[in-house]
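You will see subunit A twice below: alongside subunit B first, and alongside subunit C after that.
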Partner chain A sequence: MIDFGYAPLKINIHDLDKADLSLMDWITARDESFRLCIACGSCTATCTAGNFTNFSFRELCHSIRRGEVEKAVRESEKCMLCGKCTLVCPRNVNTRNIIKLVRKANQNFRV
Partner chain B sequence: MKEHPFVIPFTIGLTFVILYTVVMWTIWVVRLTRREKKIIWKRLLTVKTLRGIWETIREGLFHRNIFKKNVILGFMHMSLAFGWFMLIVLGNLEARLYPHGLINPPYYPIFFEFFRHDLSPLREYEEIFTFLMDFFLLLVISGIGIAFFKRYKSKVMGMHRTTKHILIDRIALTSLWLIFPFRILAESVTAGLYNTGHFFTNFLGQQVIYGLPLDQLYYPSWWAYSIALGSFFVALPFSRYMHIPTEILLIFLRKYGVREKDSHSSYTNVELNACSRCGICIDSCQLSTDLGISDTQPTYFIRDLRYSKPSERLRETCMLCMRCLKACPVGIEITQIRKNERSEHQLFSPTSYSYLNGYAYPKAKVAFFAGCMGHLTPNIIKSTLLLLDAAGIDYTFIDRNGSICCGRPLQLNGEVDAAKQLIDKNNRLIYETGANCLVTTCPICASEFKKNYHMSIPIYHHSQYLWELTNQGRLVFNQSNLNVAYHDPCELSRGLGVVDEPRKLLKSAVVLTENSNQTKQNSLCCGGSLAITNTSAFQKSTIAASTVLQLANNTTDLIATACPLCKKTLAAAQNDVPVQDISEIMVKALMDSRKASLSEAKVKMASPKLEVVEEYK
Partner chain C sequence: MLKKVAVIGGGVAGLEAARQLAALGYQTTVYEKNDHAGGHTSEWDRLFPNRRPAVEVVDTLKSQLNGNPAIVLSTPITELLPNGDKFTLKTNNKSFEADAVLIATGFELFQAERKEEYGYGIYDNVITSAELEKMFTEHGAPLMRNGEKPKRVAFVHCVGSRDEKVNHLYCSKVCCVTAVKQAIEAKEAIPEAEIFCLYMDLRMFGPGYEELYKEAQQKGINFIRGRLSEASELDGGRLLIKTEDTLASRPLKMSVDMLVLMVGMTPAEGTSKLIYNLGLKPNADGFIGVSDYHLKPSETGIRGVYTAGACSGPNNITDSINSARSAVVEIHRYLSVKEP
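And then the complex of A and B:
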């Protein structure tokens, strides 16, 4: 890497090559529709829980993709499973199933 | 009477099955909760016992519930159960009337013709007994014939799919099927030798098999009959035929008011053992008819739960639409059992919604609650509010700024602890509004409010409330000739039993036609059920499209429904028939009636009520 004399803070670097993608693989193996997400944010816009707290399914998907497993597990618990996101999703991502899969992964494997 | 060792297999089998049944009945009854035992004691000497006896005869012997669904299936079960029962009763009477004595060993009446070749001591009863025994034997064998035929050609009998049985069921089934052919053989051989039968066995013995060496067949045929009986009795407690002794107990417990609770109990065990795995639930399940998923239905779920634990797939692959519940001839509370099983595998913690503090609903007299799904279909909210305005109701839209989920979706997924938080929160907020009645457009919410909130105020689904207003003359609609088919939402029709109000309401404005017999309590699910998460969007719309196909025909202008989720799911699956909520249809009819009356009277459109209408346009 060329030394410009400055660099991003280490804390801000998220190295995807070193990310723990076990949760993502586990989920994708069980629900293919996870791949379909284009991060449009319709789910978050309509979210019942998101009306009361800082909860976003779109962000949760990002966390899973980035391997931020702990954050994903922590966030997934805020969901009320009401199912509005599934209805509005333009890509037919099975959102509720993905939430449940994150919870299951947490229980079964203590990721 | 000459003793003979061939009675041993039968005697062992009978003793075993009676002992097993007595022990299991005792265990189940002893393990009931104290409250349940108390109500049983209280009601033991009331008319409920008589009703229980009547239902046992009606269902156990005549299988009325199966008759109502399918006449041939009903006849098959009736001929076997009633025919066999009569054979036992008549055999016992015959043996008691015979001048031998009133106390007989259990095998004596069963193998009566073996022990007594000369029936003349029965005098005038000889003719009638031999005739009836032959008649009921013929009835039973006709049932066995149908059952055998059904195993291979179930479609002819109106069953598209039957249960795939496990080994022990096959063993028991084979023994059961062999009992009666062997009995006919044994009795025919005896009749051929000693003329002990009547029109059926005498005919077989003396006209058909008379050429065979009957005296050599005599002992083997009675041995075969006894072994078939014995092996059936030994297999019975471990197979599906345990439903025969268990269902009697189930009928009585149910009559005394014992019901499924929030978790598995002793009563659940009784229900599990009372399942005959007849497979009627398979054909009632839309996952099977529309998606070809035919291995997760209650028959399999209950079987696995009885022997061990059902797999995750079995537990979760169910829409909880309650169609099987209505179809089940035994009346097992399948949906509740599955929900309870789900709640043993909870994924959410009981503190997951601590962020909900500091939220409040405004004060209200009539509280209108739209719910999550309502907020996704603003047109339903708008229409309902318009109708409430037009009727002059002083209501408050309590969740205008967003509602907390009612908890039903979590509840259906078995997350009872997580749902509890939402229920407590919502319950307090609704209580604090001071409302004296709650109206909601969502049957899912209405169902949860009614079943788990234990609120002191009445809860109405908007179709009920609007019908009430129409009935009082506060809403007047223009009758049009729009041809409408009504789709019953599961939670409203089977869940809350509301089927008439939406129909009456619709009839006051449009022409309502019923195109299928799958309506009211037997209505089809739209496929969008919140209780299932492992079906894909494609699978959901397949179910929805097939539902629309059955609901509407080419003269249907519109499908009406009373649930925002059903509306969304049905509308998304097809483009042929528009789908509208009942409130949207009624608003249109209301506007038409206002226009008509205004133009007739030639008055300016200045009614104060219509201003409200304008506001929402």
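And then the complex of A and C:
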């Protein structure tokens, strides 16, 4: 195919009609505290990994809610499971367990 | 014979209720634990949203009483007991009788020491919103411990509110707009200072509140969406604070000269004990539970005992005044009409 140097634009809209929310459902079924985030960012602010890499647990959770499964799985690998976020979360989200569930889901679903 | 009504608490709700009860012809007495009436409002400098001096409201309420009903100061009521179709109120060594009781014991400020990671009581220039009000009254500006004016001030929203780590799931309602008001006042007092608000959501629910938020933006107040995770002291006494800039999805740190903690409302100590002998229990947040949140907001479930003001949950002054009047109607009905 001739490369004309341009291509159709990638759609930059979250399309919730087509979003893959299977990971969200799978995690929520195993840890209901996943629903309780109020996006305050306390987790990311205390995060050991987040000080050195662009890791935001709050953003990871949001990716899951928007069906960005690959991004969520990729991001979950940056966590060191230190659990500081669990200690500060004002809604008692079991943050560390959410990370473990994302990793477990990835292993279970991987072909 | 004149029916007696006891009002426990001489804050804005208690004072307003007492005035209305006296006007209806009841022999009303206000029992106030402090040596002055006016409650928390008497400790405040100016009120949101119009920044009217708080003393105006307190003085108006007090002057409207005009000696009737009586306010008995320095009299904490520690026990409230049913006594036939009357009630007995006990203080240290005295007891009083009443045909109906209005509990208006208000709230207490969240103890900021409990959020140890914010450094209140540890670092010099971490203060509470209530302490800032005192500074405005006494000096007209925020001042650091060394007497100098801060060049950078950060206001921390939701301290002791919306935080299950201190067992307070609820929102204290008034801190958002108070932070915005104080931020504007700090900026006006020290125009060259940089002022920041660290918020999660800005709950501007009342008339004039959103306008105050817009005024703060116009005056250059900076808003950062993230909850403070911790404060630590740098060499020289400045404070390093950390949060996530959630709109940028990156951790953020900055140094400030002064940190103002927007402390929320907690149930007043002693209120749960006060209602215990009546067989009443506090609600899930620890405040007095009312019979029906929508339809009976002044009733406690015990006929003859009513509630007004912030002892049943966080309130602003307007809501406290309204709840006081609502309770007075119920008390009047109870005392003047035989059937329920």
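As a working rule, the second predicted complex is superposed on the first by the 100 of 111 C-alpha atoms of A that agree within 3 Å, B and C clash if a C-alpha of one lies under 4 Å from a C-alpha of the other, contacts with A are read in each partner's own complex, and residues count from 1 in each chain.
Rule of thumb we're sticking to: a residue touches a chain if its C-beta (ideal position, glycine included) is under 8 Å from a C-beta of that chain, and two chains touch if they have at least 3 such contacts.
Worth saying up front: this structure is predicted, and the values here are computed from it rather than measured.
On the shared subunit subunit A, the superposed partners subunit B and subunit C are arranged side by side without overlap. When both complexes are overlaid on chain A, the residue A:40 reaches subunit C alone and has no touch with subunit B. In the superposition on chain A, A:58 makes contact with subunit C only, not with subunit B. Once chain A of one complex is fitted onto chain A of the other, the partner contacts of A:22 are absent, as it touches neither subunit B nor subunit C.
Of the two partner chains, subunit B is the only one touched by A:100; subunit C is not.
Of the two partner chains placed by superposition, only subunit B is touched by A:83; subunit C is not.
In the superposed model, A:92 makes contact with both subunit B and subunit C.
Superposition on the common chain places the nearest Cα atoms of subunit B and subunit C 6 Å from each other.
Put simply, subunit A uses residues 46, 51, 88, 92 to touch subunit B in one complex and subunit C in the other.
On the side of subunit B, the complex with subunit A involves touching residues 347-349, 352-353, 355-356, 359, 372-373, 375-376, 402-405, 407, 409-410, 413, 415, 422, 528, 530, 533-534, 536-538, 565, 568-569. The touching residues of subunit A, when paired with subunit B in their complex, are 33, 46, 48-49, 51-53, 77-78, 80-84, 86-88, 92, 94, 96-97, 100, 103-104, 106-107. Of all residues in subunit C, only 117, 158, 162-165, 200-201, 225-230, 242-246, 249-252 touch subunit A in the complex they form. Those residues of subunit A that touch subunit C in the complex are listed here as 38-47, 50-51, 54, 56, 58-59, 88-92.
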